[in-house]
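What follows is chain A paired twice: with chain B in the first complex and chain C in the second.
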Partner chain A sequence: MRRRAIIARLAPYLALVPVLLFLAVFLYIPVVLDFAYSAHAWNSLSPTWRFVGFGNFRELLHDPLFWQSLRGNVLYAVVSLIVQVALALVLAAVLESGVVGIRLSAFFRVSYFIPSIMPITVIGLLWQILYQPDVGLIDQALHAVGLAALAHAWLGEEATALPAIVAVSQWQWFGYITVLFIVAIRAIPRELYEAAAIDGARAWRSFWHVTVPGVTETTVLMALITIFGAVKVFDIVWVMTGGGPNNASQVLGSYMYRSAFRDDRVGYAAAIAVVMFMICSVVGAAQLYWSRRRAP
Partner chain B sequence: MMRRRSRLALRLAPAKLGALTILTILAVVTIYPLAWLLLNSLKSSDALFERSWALPTTWLWHNYPEAWRYGLGRFMANSVLITGVSVVAIVLLGALAAFVLVTRRFRGRGLVTAIVLGGLIVPPEVSLFPLFKIMVLLGIYNTYLAMIAPDIAYGLPFTVLLLRAYMTQIPPEMAEAATMDGAGLLRCFWHVYLPLARPALAAAAMVQAMRVWNEFVFALTFVSNDALHPLTVGLTTFGDSLNTNWPVLLAGLVISIVPILVVFLLMQRQFMRGLTAGALK
Partner chain C sequence: MKRRDFNRAAVAAGTAIAAGGWQPGRAAAAEPVTLSFLHKWPEPNNIRFFREAVDAFQKAHPGVTINMEAVADNPYKAKIRVIMASGQIPDIYFTWVGEYTRQFIRAGRVLDITHYMAAPEWQGRFLPATLDAYKTDGKIYGVPVEVDAKFMVYNKKLFAKVGATEPPKDWPAFTALLDKLKGAGVVPIAYGSQLAWATVHYIGDLIAKLVPPETRVADYTLKTPANKLFTDPGYVDALGHYQAFLTHGWFNASPNALTHAAARASFYAGREAMMYQELVEFGGVPGTKLGADGWGFFPMPAIPHGRGRQDLLTGAPDGFVVAPTCKHPDVAMAFLNFLTSQPQGALFTTDTGRPSATIGAVTSANASAATLRGIEDIKHAKGMVLWLDTDVESRVASAFLAGGQALMGTGGTPAGVMAKVRAAALQVQKEQG
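So, the complex of A and B:
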């Protein structure tokens, strides 16, 4: 009898062990290790740790490539905020406004959404081909409309590599955020729109006075999700350019990856990872705060 | 008054037309590259570049079996295995944790919730090197487990929270009734909560299946043996080995997206429900 009572008390903990174990080993301990590595100079071949304190971080401050990578993330974030948050909100409002019929609106919604379910390698390889100099679809289209002067080796030139990657990312994700905005707009009480219509509000006024205030919390959440994504971005850059040419498309994630796995500078890479983690946790904490607010 | 009304009518029609035009252009921009992918996978290399826009003059269906022979079958089988095992584990472990958090009162419940919630904001990208070390230490570097284990771990926070939110709506009397009957924790979970939570389980499974199927970074970093790679990483080596035979590469890309597209179009409802409940990219 007592034994059963003990088992009953322990049962909840036992049931939680697998989840906690997975989170500890693969989420939390790695972050702790990041902090530990970042205070040392070492590489994977000769694992003699040498404590350098904040040395790696001091070096980061004077590393032009670090700042350049960070600027890459900032560009990524700014463009994404404009396209994926501002434009997606307008797009969602237009799709829900009844300007186009329900079935057509559903067709547009699904079309926009589809790129977001594609694997990153498919996206990367497809756009590498479309971006090919001269023979690729983009340059051919420019030639066809008489804008041959604008043709570029998009991924091969320093000036265009990162913007070209950022553009693909917008292509991939704007529909995803649009769908989330559509869900938020549908949660706005119909009566508010009807009241606005009786007042004679035009479409854009009911957008400003009903839709925008009605989805404020979603907007903040989407902005935070977008910034979070821009700080941690790695795979699309790695697949499309590997950070090149001549580091022109480097972002923090790709620079960190290169430092750890190519240059074998583990401590330095960990310092970059810590910087990324710090920014992510501030943005992420704000995100959690807002999503709790939204759904108490 | 008259003038105002007629101006309004005039302004409405162009607005509608303008909106429709922009929506259509955007749809073309998103869909055309994918249609281009499909059409050009059926051409010869020369035709791909010389008549990139046009329909194939001769439809080279054999690009597909050729792509398959380059080892896509193996990559696809790996993707299925990794995704299947990960999703079942994520959903079962996640549901069990959510069930305990919803139905039991115990010390440390708040702490566990915080740990799970915090997991949402730890991106795997910052931990790749430490994870690599851990894989080596656990002796699972270069095995399926090196992909499956982190796939499970990073799927759990989202899943636990999604299922917890759903299970709080299940009347607690259900659990109490089952406990009265002398059912243990596991039996109550298995026979009462799991069946009742089925819609949420489906939504969670869909979102996780999509995420794991598309996972790239773990496979790239923790597995160097190409025989174990899923489609996402396999396609990059596939692309390298084909070098300039692009139509065959395109055929490979098409093959690799067909399963996702079919599942997505069939299960759209569950997928959307899962996404919008969690809203995390």
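So, the complex of A and C:
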């Protein structure tokens, strides 16, 4: 009996062990090691590591390319918050309001969602073609509607390369977040909308005073996911421009990759990774603090 | 018997001979041998050649197992770094020549194979310029497999449009031709620099022509004193020559928005008059709108009064090195001996369409007349200017790569780019002590 009780007590912990081991090997230990790496100057061929303390971080402070990359992430985050969170919420509310018919609403939901299930490489190559100067669809469309002055070599100009990539990301994830908001909106009791309607609230007021408060938790979560995504973005940038031209579309992820695998400065790349980790941690902690304060 | 089958039969017959100094019986009797082999040719045609070569060698040498792994060009750069850091170095692996290999040599990750290469079967096997690329301080560290060089390929029909019947002999004639083409409404040169490696092919060649060779070599190897490092005016001049292609309208518009492949497709469609291409790309030209005879090529013309070397070709061999940790270097060298034997070299060119570095392996039976002439040009060149991005330290290379794109946009100046190159070089030199 006693043995059985002990096994029953241990069972949940034993069930957790594989997952914990997996997380430890592939997440927690690498994170700890990354901090150690960042305090050293070393490369893939170094026979020994040279301890530099905060030297890599001091160098980051004076590295214009680091700041340029960080600005790239900030632009990514701000635009994503506006488009992927704010506009997606508005769109979700419109699709759920009954303004469009049920079938049309379903069609839009699926259409918006499809880009999020496409492989990033396919999206990158597809948009490379669309962004081609003169022969690409974007420039051709601008020429067709008399806006030839707005045509650009989108990925080839330093001023437009990063915004062009950011736009692709919005196109890819906008529908995904819209669908998540639709799920959240459906969880809001219909009585609240009916009560608002009886009180004479029109669509905008109903949205502002019923929908927005009703999806606050989802909004915060989506904002958090969006910011995390903006901080660790790498793949779409790497596929579309490799951080160019002339580093104009560099973000922290691509600069970290370049530092580690092109410039062979693993310690410096680890320091960039630590900065990315700290940004995500601060944002995550702020969200946690805010959620706990709001909790009843 | 088909040509390819005939080649294979020749390979089978020659395998035992090509085994060289290592006798299979000796090692096979003692213990089974396993070698790891890493390269960067995973594309279907290329990997088939290597797979069949490995199979043929294993068949001829019972007891030898070669575990081959192939990763594409770009990911290879990341993978090899990770492997080096892990210490699990493959017995035979690919590296780019120049500083890229030198850094591995300095770190003791490459075996000195000079004494193996002194054996009779290796003598006279490779074009001298290709083997020289694998020499450091008089020692040989690698075995070339293929050879590559850059040439300006031109569309004969568009040349004829402006009355040009033969390639320009020097820089003034070249620029005059570019102006003539532009005046006739033809885009003179197709160019895509979205992938930055394309930029340093131009820049590296121009630097070799405009910077004194001893200065260039000392700068590239960071042996120049700090106060003079990368300060020769020839560098700014070279970048100025490069930028002039854009500012004079000799390149297509917005090269930074096009990949090399996209620019090449446009050139093959007959839209531009010229394109700076690699010899390894020649195999694909006859199948395009240019046809077998509608195109020609010439080396980048000499710049009169340039203080550098005008008789060098930009390019490099590709090949393999052996790890010092390899427990059976004699077997590894026997495999490389087999891989670069004349029958295998011929098969390499037949299967992959890439020119083998082995003398006599590229013939009219497996290559076009243009490729053969390109090989002759390499044979007669006084040497090779290696790819700039693998011939200098990686951070210096990054500065050149970004600078090459900056000069194809609106924000870069030659002096500004060289200031960044010099800053990167100074930092690396300081760190290296």
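Here is the rule we use: the second predicted complex is superposed on the first by the 265 of 296 C-alpha atoms of A that agree within 3 Å, B and C clash if a C-alpha of one lies under 4 Å from a C-alpha of the other, contacts with A are read in each partner's own complex, and residues count from 1 in each chain.
Assume contacts are C-beta pairs under 8 Å (C-beta built on N, C-alpha and C of every residue); 3 or more make two chains touch, one makes a residue touch a chain.
Every value quoted in this text rests on a predicted model; they were computed, and no experiment measured them.
Asks: Once the shared chain is lined up, is A:31 touching chain B (first), chain C (second), both, or neither of them?
Replies: First partner only.
Asks: Could you look at A:206 and tell me whether it touches chain B, chain C, both or neither (first, second, both, neither)?
Replies: So A:206 meets neither chain B nor chain C here.
Asks: Scan A:261 for contacts with chain B and chain C and give back first, second, both or neither.
Replies: In the superposition, A:261 touches chain B and chain C alike.
Asks: Is A:133 in contact with chain B, with chain C, with both, or with neither (first, second, both, neither)?
Replies: A:133 sits against chain C, while chain B stays out of touch.
Asks: Touching A:219 in the superposition: chain B (first), chain C (second), both, neither?
Replies: After superposition on chain A, A:219 lies in contact with neither partner.
Asks: For A:276, select first, second, both or neither according to whether it touches chain B, chain C, the two together, or no partner.
Replies: The first partner, chain B, only.
Asks: Could you say whether A:242 touches chain B, chain C, both of them, or neither, answering first, second, both or neither?
Replies: Second partner only, chain C.
Asks: Which partner reaches more residues of chain A, chain B or chain C?
Replies: Greater contact footprint in residues on chain A: B.
Asks: For chain A, which residues belong to both interfaces, chain B and chain C?
Replies: Correct list for chain A: 257, 260-261, 266.
Asks: Considering only the defined contacts, which chain C positions touch chain A in the complex?
Replies: Contacts found on chain C: 77-78, 81-82, 84-85, 103-104, 106-107, 109, 193-196, 253-259, 262, 394-395, 397-398, 402-403, 405-406, 408-412, 431.
Asks: Using the touch definition from the top, list the residues of chain A that touch chain C in their complex.
Replies: Contact set of chain A toward chain C: 41, 44-45, 47, 128, 131-134, 153-158, 241-242, 244-247, 257-258, 260-266.
Asks: Which chain A residues qualify as touching chain B in the complex?
Replies: 8-9, 11-13, 15-16, 18-20, 22-23, 25-31, 33-34, 37, 91, 94-95, 99-100, 107-108, 110-112, 114-115, 117-122, 125-127, 129-130, 135, 137, 140, 171, 173, 175-176, 179-180, 183, 203, 221, 225, 228-229, 232-235, 238-239, 253, 256-257, 260-261, 266, 269-270, 273-274, 276-277, 280-281, 283-285, 287-288, 291, 295
Asks: What does chain B use to touch chain A in their complex?
Replies: 15-16, 19-20, 22-23, 26-27, 29-31, 33-34, 36-37, 49, 52-53, 93-94, 96-97, 99-101, 104, 106, 108, 112, 115-117, 119-123, 125-134, 149-150, 152-154, 156-157, 160, 165, 184-186, 189, 210, 213-214, 216-217, 220-221, 231-233, 235-236, 239, 246, 249-250, 253, 256-257, 260-261, 264, 268, 272, 275-276, 279-281
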